[in-house]
């Protein structure tokens, strides 16, 4: 498996597919503890990304793809998710520079930079019941796997699994950031929609990696 | 049976009772082909009349009672029914003058004047699907019975029966006056609420007459 | 039925008290009998203008009392015309010696109660004239029926007639302006959901989840026809066609386009309606030179809209533009 | 879900087009990216004021663009904050050389997107400041949460800050006025029924036939507690108590009392609410010297209300009274 520009494009295409399919489910999660638009926002953003992808020149790099994703999400998603995911992809692009191909270390750097970008903008900590609760376990698990010598496809799988558990683990939490924080105890029992979309994005990366 | 002031008061009290009991039913009839307030309007008016009745001096006449009913209805009912019933009672009061007791001829004069008052104000003809469709058969039947020598209690009963048939006979009609006239064919199959309240008023008169 | 009310019997009394508390700078309120008058009534030498009708259509009419519009408004019970007593009292209070005009929406109850009040006022030496407003094209007009209903066009009649009175026109001239506006405005409405009268507690009619009522009246009276929900543009086209045919409005006309909310419709929807209506008028060569969008003649919480088109000329335009200072309509001061 | 819309995707685009068609005398509209600006923007030497946020709260913010209030409003998708692009474009268009103030309701999305736009504008040499509005007492404030939400008090901040800019205050002074208003206004709301976001097609939450949500947010976010329906007066008391305790408001204060409709509540109900709120304030020795009643910060067709109380002083009162000419708020010209 080679994490080149084509893989990056494949990841994003697959993400757009999954987000379109999960649009209503994400809206429902957001309706329970937010304002019901998270699926709508993500779908709108990734559909816009899809139509931008065609403009990419052939000899593009993963970094260039990620940058295009970032600017498109920033200018089409809106809401909290727009600037947060936008910053994530922007920082990720910065982290991978102009490399044509990403090894496991570069992949971990990408994920770490993405997570750090979100924290920089949103100031959430782990346990605040936000997308960070999916990102941070994913970053930690990926870093550990890479340190232990795993190949990129394994790192991707491990990150996706950790994000999925992280998303699920938001359910019993009280929120301290985002709209769900207005709810106090009433947020308990509901999964954070942003953590869920993060889990979907990282699963898409792993799935494309395996294909 | 003597149609004196006490009888007149009894008729009105009984009417108030019946209209309170039939309030919701009249609202429903009016909701079907009007604006749903006819029961409300009539009940409000007759409750106001009830509290005014106590102010009557002992040696009152039927005409004085009818005049009090008229002015109270005019100033409390509103809508179409207020001025129409108000005028009816006002003209009825005029027709019976200062008589202490009404014979069958006076009763017919009362009913005729009431009906004519409504026509004067509302300009409805028979068949327009209004309260006139209860009043006119009642007036005609009463006049015929009185001409044939019936006693007042019989005249009352005959008038009430005719009003009831008249109210029922509004059901197949298209309306040409009042709110139901906006409906065209869609008014067919619904009884006119004002015709129904007229029928209730005349039935109350007959019932009190018999008691 | 969920409503922000106390005892349903006190809805009008309490709402009017709240109105007085909020707008004491513009109006004063009589509580028994209930009516709302300009704080500076009577204005000496000016024709007084009184309107009124059942409550539940707010801001109509109380929201339009003030400089340049109504001198008094008489609210009846919800959807029930007021009785003659408060109409008479309001007429007396606003009589500045130049006569009083009653602006009456064409419903049997309103017409009869205003008639009685006018008779009583005349008997006291006040010169009273009435103009009956009947702008609703949903209802077929005929000598043999109660005729067309008065609906949202009423707001335009009240504004423009009020401006004529404010500039000092005498009673005959003010009547002429009111009749002119009424003769040049046409309206048609649609309901998406019914409304619930507080004392009734039940919807005034029932619509299925995919049904709308074309030609609805402002008291929830059924309209012309019940159809399946359509896109906004198609609904606007249905409302506008009979309006334009009726006067008729023709290429070259300058009009005021008024998109009225029935109470429960969000503003975004009203502007979507306005957009299409303006587009259709432009296609026909009719120019929208003035506009009004908002909840001005409502039916409690009913969802829906009505479109009114008024054919303007120089006089009507300048009277429309004249200063007005009421709770619900204000400009120029 | 019955709505007067065409394709749900085009709700904002078409509504803004309708707004432009109706109010071309006051505003001009940019369609790509979407924002609404004063027709005379930029006003040379005046601080520009830009606000914005998700659509569905109309007339907030577009209805408040014009002389004496906002220079531009940036509408996002329904209930979704706008992206930085249109905010940046609006900021550029209204910059008259004296800097630009962003008035931002306190939601993570709005704050972040306005922040990004401000960074980009600063990079172009435009001086930008932001004031975050957070008047909602329903939410506990804490350093460790997203903090209180910006709700209907926003209208008061926009009006008064706009007047300060219009009279020629410099950017620092305009910022100070905005912060002063925000620090002195408190709001709390209640929902009787939910709203339906067009693209979602389902209610934002579900309330039983006898339930209401105390402390509701303006996007249908659940509030403080769900209780059984009560008489209006009892509900008003529940909303007012935490508002008055919070600042706190005390005897001798002069206040602006603002009863806001959430979109689907009839005006009679808003005035019933106003009546009780004014009564409670009077009992506490607090004087209502200015008032506002109506649908100004809505949540689509949600039924409900919010009460805002703003502690006035001479400066705020005279800025409130200063002329304003927007689609939704107008006086003095």
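Order of writing sets the chain letters: A, B, C and D. Residues in each chain are counted from 1.
Convention: contacts are C-beta pairs under 8 Å (C-beta built on N, C-alpha and C of every residue); 3 or more make two chains touch, one makes a residue touch a chain.
Bear in mind that the values here come from a model prediction, so they are computed numbers and not experimental data.
Distance between Cα centroids is largest for the pairing of chain D with B.
Centre-to-centre spacing of chain A and chain C amounts to 55 Å, using the average Cα coordinate of each chain.
Computed from the mean C-alpha positions, the centre of chain A lies at a distance of 76 Å from the centre of chain B.
If you average the CA atoms of chain A and of chain D, the two centres end up 32 Å from each other. Of all residues in chain D, those touching 2 or more other chains are 78, listed in ascending order. Touching of two or more other chains is recorded for no residue of chain A. Interface note: chains touch in the pairs A-D, B-C, C-D.
Taken in their complex, chain B has these residues touching chain C: 27, 31, 33-37, 40-41, 44, 74-84, 121-122, 175-179, 181-184, 186. Here chain C touches chain B in the complex through residues 54, 76-85, 107-109, 112-113, 115-116, 138-140, 144-146, 149, 197, 199-200, 202, 204-205, 217, 219-223, going by the rule given at the top. Against chain C, the residues of chain D that register as touching in their complex are 2-7, 11-12, 14-19, 21-23, 55-56, 58-59, 63, 78, 192-193, 209-210, 212, 229, 231-233, 235, 257, 259, 263-276, 278, 288, 291-293, 295, 298, 300-301, 303-305, 325, 327, 330-333.
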